[in-house]
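In the two complexes that follow, chain A is the common piece, with chain B as its partner first and chain C second.
And then the complex of A and B:
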């Protein structure tokens, strides 16, 4: 019983962190039709900056710099590079491939700097745990859930109530009609990239925190599990990204806990489980959990 | 005729040339004025360049790889040619696109909020003012604020598209085929609303294939053919000329036949004709160009 609760909490925390990554991925896709394959390396950049700066600035300020710098980089990549490409939605593949190039550049440089080290981000939770009734939970996991919930709530409120959110949703539905209302397409899109970059940098903190041992050069790859989360959620649906992330997080946590019982399937099952789940969901719902287009009368 | 004091809110298109993809000439030396408080209509067959002219004014040519290659567009003191759409909205010139183009997944209320996004931050009072005006013109929208726009009927979507544009409090409204694909009663409703909007002080540039409706509404009319203004004059006079009667009001022996244009098919409400069946088919074959 305790095992089950522990696993549920672990899955929830994992899902909450994936949600930060997947939500950014979905926001970028919605705003620009681009799949940002540099998302993992942007996450790594945010984490790296926080890691190298926290001793001088303290954790909070270092994190702020990491988040802002990553947001600025993501926004610049879009504005300076991707927005110059032909803006035909059919040509979005080109931009997607460009992000692969950016990913390789970023990862190569960061891997060179990080080397084989495990960097501490200096987060305030350390390896503290607390006992809640029958279960023992690391503080870092509680923080992950709480911070993600707050931040994601704020992002959804932005979507729904802010002028930027409305602009983004209009532009995603019909670029020309949005332009006719005076929506500044380039700026709306760039801000979407900035927000996604900021979310990724924040996620890095929790991916490096206890029970993980710190930030390493492969931390960005862990974030790749947010991709199936976004896809099984429906790719253009923020709510779907959230649901997909929880599904992936819980799946992973359960597979880790019960790995020994599933030994016939081999070791390392938790690494492939997210993709298996993605494929199974897409077989049943080809548009993803929340990807079904609303009925449209013409 | 515009008086000198009206100059500040006159749309003036002068000797405009528009080219798509650097090769396809869509408009050649087109000139027209929309004086304040007036309704001006632009008639012509498919591909004559009507929508192109509106795109040039609203700044959306670039989205279609088009560009103004000569001439100019001014609204009052503001040069609009080569500007982005925000400039037009800020100058008070707002376009309602052909085929409604409401944001289908957003609610009616959100669609209205999207109108005038280019004006920057507005006070809640001003937004409410705009909404009240829209609901007074289209009471049906007031009952459906929480509904998804994509689930509205064609006529309601046209109302919403016009209401959305009015939220920006335009001084000049550009309407692209508002009657397209609507039932005859709905066309009547829309015509009444255009009259009402105009009576409230907004000038209107109306692009239509439904020449009967357009000429009845307009003070002044221009006929575009293959990218050039072929006829201009007071709407009443134009309605009596032989060429217009034959080509655009369908008053010939040729009725029915291949009267459906490609556009009606897209709207999904075929069968509801616009009272001027034959418009498309009766147009000279030479006007059929790849340019919308």
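And then the complex of A and C:
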């Protein structure tokens, strides 16, 4: 029973972190129809800046710098590079490949700087644990869930109530009509990228915190697991990203716990399970759990 | 240009590159031939992906998986443990196996569209990698397996003991495989162009441009989508066989996500939907890092490998250049090398008429959206 609760909590924490990353994917896709392959390296950049700066500035200030710098970079990538490309949604694959190029550049540079090191981010939770009834939970996991819930709540409020959120939803619905109504498409898009970058940088903190050993050059690859999370929920649906992330996080946690029982299927099953779940969902719902059905009018 | 000269010109335009390609093994060292072989294999795979992504408008990131099926299929059909069949038969079976693997995935491939399919096929790469590590009876596990050399009509395509020499040039494995690869590439080129220009190609283009319109005109949507997927995986399987033959060893880690992404980069850099573009993109993406790695130490700012901490090694330098090349090429020519060549040709001919827009691709330019915000500021009351 304790094992089950433990696993549930671990899955929840993992899902919460994936949600930060997947939400970024979805925001970017909604705003620009681009799959951002550079998301992982942006996450790594945020983590790296925090790790390097925390000794001089303290954790909070370093994190702020990391988040802002990553947001600025993401915004710049969109404004300076991607917005130069033809803006036809059917040509979005070109921008998608450009983000692959950017990812290669960023990852190469960061990997060269990080080398084989494990960087500590200097987060305040350390390796402390606390006992909640029958289970023992690391503080960092609780913090991950709490912070994610807060931040994601704030992002949803931004979608719902801010002018930018309104612009974004308009532009996603019908780009031309939105432009005619005075929505500043370029700026709306850029801000979406900034927000996604900031979320990724924040996620880096929890990916490197306690049960994990620190930030390494491969930490960015975690973003690959947010892909199935985003697809599972429906690429253009923020709520879907949230649900998808929880499904993926729980799946992974449960497979890790019960791996020994599933030994027939081979080692390292937890890396594969999220994708299998994704395929199963897509078989039943080709547009994801929360994806719009999209009736076609002729 | 007179009309009579045109076919002649076309013929020379076709034969000349072929002649040059056939002559290369007599002049190049085996290092360059290996690069050429890898590029040819990549080109075959890229043509397959281009059929799927460029023509049918479906994104696939699972190409590495089908390459792996082809490569391991060949090894298993021809080797021991395995069936030990003659290599040519094993090759055909491996291609069919890759097609069958694509067919198994068709319930997903027929229904899921665009970016969704792209991410869904990611699953294939990871599941495939897991299978390669787990089924070590067939795949040799982490360390992989060595590959039986190809054998055609008694001639073994490896560095062999028969001291074969043509015109005084010793013919080792690379030289022999070169012609084999060239033949496979030519086969791919012509079959793919035939497919694209025939009924299936037109149906797929119609499907990409408007699913509704296509289905109204009687194109069975799901069937064409999944058969595009199957055909594309068969080309990938063929490419996998050639890769296995030129590496002489297959290991699971080669067939990872990076490889899939490289293939995607190839077809987009080459220009979607064109066979020639896919081949050009494949050569660019495959050969560039290898050539750069060879000459990286002669580039400015690059240190010798293993020198002081924080300096720029040749591998990293080639990665930087590769990443930058992708970004720069696509910003400069969003329709890839194919579009670049087409525009260049048009400019040379100075034809006043605008180029026919490539269907579905980036229309030459619609520069508006970035500047649009300035327009609607004017106050209009509806």
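Keep this in mind: the second predicted complex is superposed on the first by the 292 of 298 C-alpha atoms of A that agree within 3 Å, B and C clash if a C-alpha of one lies under 4 Å from a C-alpha of the other, contacts with A are read in each partner's own complex, and residues count from 1 in each chain.
We adopt the following convention: a residue touches a chain if its C-beta (ideal position, glycine included) is under 8 Å from a C-beta of that chain, and two chains touch if they have at least 3 such contacts.
Computed from a predicted structure; not experimentally measured.
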Legend entry - Touched partner set for A:35, first chain B, second chain C, both or neither: second
Legend entry - Touched partner set for A:124, first chain B, second chain C, both or neither: neither
Inset, instruction - Return first, second, both or neither, reflecting whether A:170 touches chain B, chain C, both chains, or no partner chain. - result: first
Inset, instruction - State whether A:228 touches chain B only (first), chain C only (second), both chains, or neither. - result: second
Legend entry - Touch count on chain A, higher of chain B and chain C: C
Inset, instruction - Look at A:83 in the shared chain and tell me whether it touches chain B only, chain C only, both, or neither; answer first, second, both or neither. - result: second
Inset, instruction - Scan A:58 for contacts with chain B and chain C and give back first, second, both or neither. - result: neither
Inset, instruction - Have a look at where A:94 lands relative to chain B and chain C in the superposition and call it first, second, both or neither. - result: second
Inset, instruction - Name the contact category of A:182: first (chain B only), second (chain C only), both, or neither. - result: both
Inset, instruction - Using the superposition described at the top, list the residues of chain A that contact chain B and also contact chain C. - result: 87, 175, 179-184, 296, 298
Inset, instruction - Show which residues of chain B lie in contact with chain A when the two form their complex. - result: 58-60, 63, 84-86, 88-90, 94-97, 101-106, 110, 113-119, 121, 148, 150-154, 157, 164-165, 168, 267-269
Inset, instruction - Report the residues of chain C in contact with chain A in the complex, numbered from low to high. - result: 53, 57, 59, 107-108, 111-113, 115-116, 118-120, 122-123, 126-127, 130-131, 133-134, 211-212, 216, 257, 261, 264-265, 268-269, 272, 309-310, 312, 316, 319-320, 322-327, 330-331, 334, 360-363, 365-366, 368-370, 372-373, 375-377
Legend entry - Residue ranges of chain A touching chain C (in the complex, touch as defined): 29, 35, 37, 81, 83-88, 90-94, 96-98, 100-105, 108-109, 112-113, 115, 175, 179-187, 224, 227-228, 230-231, 235, 265-269, 271-272, 275-276, 278-279, 282-283, 286-288, 296, 298
Legend entry - chain A residues within the chain B interface of the complex: 87, 163, 166-167, 169-170, 173-184, 294-298
